[in-house]
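See the structures that follow.
Shared between the two complexes below is subunit A, which has subunit B as its partner in the first and subunit C in the second.
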Partner chain A sequence: HIATSLPLPSEGDHLRPRIDLIVFMIDIKSKYSLKNVETSLAYVDASFFLGKVCFLVTGVGRMNACNIDTSAVCKLGEAYCSPVLFCELELEGVRVATAQRLLRMLQICAGHIPGVSALSLVSLMRKSDDD
Partner chain B sequence: MDETVAEYIRRTVLKIPRDEIKMMLQKWGFLSEAQLQTLNFHQIKDNISQEVVQLCEENSAGIKQAAVLDIIYNHIYQNKRMWSVYQMKESGEELECFDITDFKKRFKARLRSALKNVTITFKEYEDNAIWIRVAWGTPYKKPNQYKPSYVVYHSQTPYVFISASVLKSNLPLLCQALIVASNYREIREMELRSHSLNSLKDIVFKRYSQNFQTYSPKPLQERNVEPENADTRIVQENRSEKERVHRLNHEAFGSGPQPQLEFAQYRLETMFKCAPKMDVLDKKEPFRCLVKFSSPNLLESLKSLAPAGMADAPLSPLLTCIPHKARNYFKIREKKGVFPESFVSP
Partner chain C sequence: NVDPQKTAFVLRKAWTLYSVTPLYRFRRGRLRDYARLLGAFIAAEKQKGLAVEVGVELDIKVALSSLADLRGSEQDQAALLVQLSSRSQASSRSSEDKLVWSGWFCSVYGEDLSENVPEDFTCLPLFLTHGAESYTSMVGSWFQKTFDCCFRRLAISPLNLSWMVAMWAGCKLDRATSAVELVFSVPRLSQPLDISYAIHPEDAQALWDTVQKTPEEITQEEVDVFMDCLYAHFHRHFKIRLSAAKLVKVSTAVASAHCDGIVKILHSQYLPGVLMLLTELAISQIQ
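Entry: the complex of A and B
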């Protein structure tokens, strides 16, 4: 399900399946996308932040057009205990690899991988220097 | 043949890309097919232009013929020049049929009565466009062939497109000659400028696809908002919003390609509005500010803003009115009255 911001329109409430993973996409070229994500986060139930939320920063292939503060994004990830991924969608290889990563995360969050929970995945993904 | 003419022809040929020289010389028609055959178009341009000059020498070319070659070059590369649009008003009482010979005669007479040293050349094209080239001199100097003005006039319309040379002082004279020749009383410059002559024509002749308000009781179902989204596993949560944006955008811009303009300029003479406590600029003077939008194709980029999520729909009418109002230069002043909104001056 693709949405431009949260909260989701209520018309589709009855058609929506269970949400297993929320990926917030931030375009490195757009200050507005970061702001939008920050405001949308307020509408997410706290239980999602136990490994079912991920931040995806796109457009990192064009750092010369960077308009956001990447350290602020990393701080956002820390504040919400969620991983931050960086990718470049215009490169097919990176795009495919990122999709596979997200798919893997989704499988875990949906409970399809026995022995690994969303929470354990997130603690595995945390950077070692955080401890 | 005059040395200055020879030099002028040489320099004109040098401007032409090598692959196009033969075609342009053929269009010119001054050199015979036999003479063109003797030219080697595979050598460096310097040599080609020298050979062309020699052939022109054989045919005793004068400035008149050289000027025609220049018109042909500028007609093909019209987008290299900046064009302004002028509108003529109040034609004479009699409804005369347009006579091209009369027009040329009157134009030349009017110009020459004010300034003896001018070179005036005409060329007509199939789309009813009359191209006029004027090279300007002074009472004491021969015309400068390297800084001519070009005028494009469609006789069935009151519009004239002018690419003035740097010597702007000759503009009033040119305008005078135009209204006398075409039997109008007034001419005024429109606030519309661009490199793309065809787009300017599209705007003033209303040839671009405008969106006419048609009555449709519900959104047209068959229009596919997201054609590439054929994968039914992807669900758009904000579909109705996307459709609203598309509909508003379509109403503002129509469905066809937009005329090509390179910029829009807004000169603001409005009051600076700030939070009441800030006390900045409390002298009641307008805050003068110039806002300029530039783009290789401004209208297309404005059209793509809302669907790309970069601007809210509907876009400001100050932006969407550009083709309808046929202007891309605006002066915005404070509206004096009960509701202090800004308005666009004529």
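Entry: the complex of A and C
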């Protein structure tokens, strides 16, 4: 499911399946996309921040068009205890790899991978970031 | 402390920016030799027909000079100015020399680069050119071959343009003569759309004064607040979100800058500050 901002319209509430993973997409070229994500975060229940939220920064292949402070995005990830992924959607290889990575995260968040929980995945990712 | 006469040539010209990696075995004492060698190189290139100048066959004279005034600290190398003048063969009077191209290398507070570079390397990371692209490429090729350095066009991101407009709009000038202007291009439309947003210089200065907490210091947060105010004002009136558009050019009474790496400096008082910022951008592109 794709939404341009949160909260989701309440009309669809009763039909909506369980949400396992929220990916907030930030376009490095658009300051507005970062602002939008920051406002939308307020509508997310705290329980999601135990490994079911991830920030995806797109457009990093063109740093010359960068309009956001990437260190601010990393701080956002730290503040919300959620991983920040960087990718370039215009490059097919990176696009496919990123999609596969998100799919893997989704499988874990949905409980389809025995022995790995969303929370353990997030602490694993955070450990490797610090290294 | 900067002699305005020596630096007058910098003002009110559109300079194209490049970053340059350190020059290997560059000797200040050999400027006359270098000028001669570069002149011979250009003449040879023209013979090969690589510089297509339709019309009069022009004799190109090269002059290289050092500008001790154009630097930040004593750690910086003095700037290096390259000038190409033409003398029409039809006329024998030496006063017919016409400046056709100029370029200069400089470093203003570029210690970040020069501190970490081995001996025998000269750091002049910022290169500014004015004149035909064909001459720029010939001069660039000669320097690359002679000093084993690498030139790259210096692009300026919207993030850096925002810094520039916030900094320069806040500069105190005797008379704020021109408006603060931001030009945006709107992506993904069938026909490209450019939006020009002009602000009265006193209003921009007043806004920056309320945002900046410590004089002489600027933080990313302050730049963000300044820009957000401008975006919010525009959205209130026109319902257009400039924060989703691409900032391509900023203009103030101090200087103007375009994302393709073209700047024009209008005020000698703020020349060192502008060059310091551009040096920083050049260094971060090199590293």
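Throughout what follows, the second predicted complex is superposed on the first by the 126 of 131 C-alpha atoms of A that agree within 3 Å, B and C clash if a C-alpha of one lies under 4 Å from a C-alpha of the other, contacts with A are read in each partner's own complex, and residues count from 1 in each chain.
FYI, contacts are C-beta pairs under 8 Å (C-beta built on N, C-alpha and C of every residue); 3 or more make two chains touch, one makes a residue touch a chain.
Just so it is clear, the model here is predicted, and its values are computed rather than measured.
Visitor: Output check: A:107 vs subunit B and subunit C. Expected answer is one of first, second, both, neither. What do you get?
Guide: neither
Visitor: Quick check for you: in the superposed arrangement, does A:2 touch first (subunit B), second (subunit C), both or neither?
Guide: In the superposition, A:2 contacts subunit B only.
Visitor: Does the superposition put A:69 against subunit B (first), subunit C (second), both, or neither?
Guide: Once the two structures are laid over each other on A, A:69 reaches subunit C alone.
Visitor: Looking at A:40 after the superposition, I want to know if it touches subunit B, subunit C, both of them or none. Which is it: first, second, both, neither?
Guide: A:40: touches no partner chain.
Visitor: Classify the contacts of A:11 with the two partner chains as first (subunit B alone), second (subunit C alone), both, or neither.
Guide: Only subunit B is touched by A:11; subunit C is not.
Visitor: If we overlay the two complexes on their shared chain A, which of subunit B and subunit C does A:117 touch? Say first, second, both or neither.
Guide: neither
Visitor: Using the superposition on A, tell me which residues of subunit A are in contact with subunit B and, in the other complex, with subunit C.
Guide: Common interface on subunit A, subunit B vs subunit C: 30, 32.
Visitor: Contact residues on subunit C for subunit A in the complex?
Guide: Listed in rising order, the residues of subunit C that touch subunit A are 155-159, 162, 187, 220, 224, 227, 231, 241, 243-244, 246-247, 259.
Visitor: Touching residues of subunit A toward subunit B in the complex: what are they?
Guide: 1-5, 8-9, 11-12, 15, 30, 32
Visitor: Going by the contact rule set out above, which residues of subunit A touch subunit C in the complex?
Guide: On the subunit A side, the touching residues are 29-33, 35, 63-69, 72.
Visitor: Taking the touch rule as given, give the residues of subunit B at its contact with subunit A in the complex, in rising order.
Guide: 234-238, 240-241, 309-310
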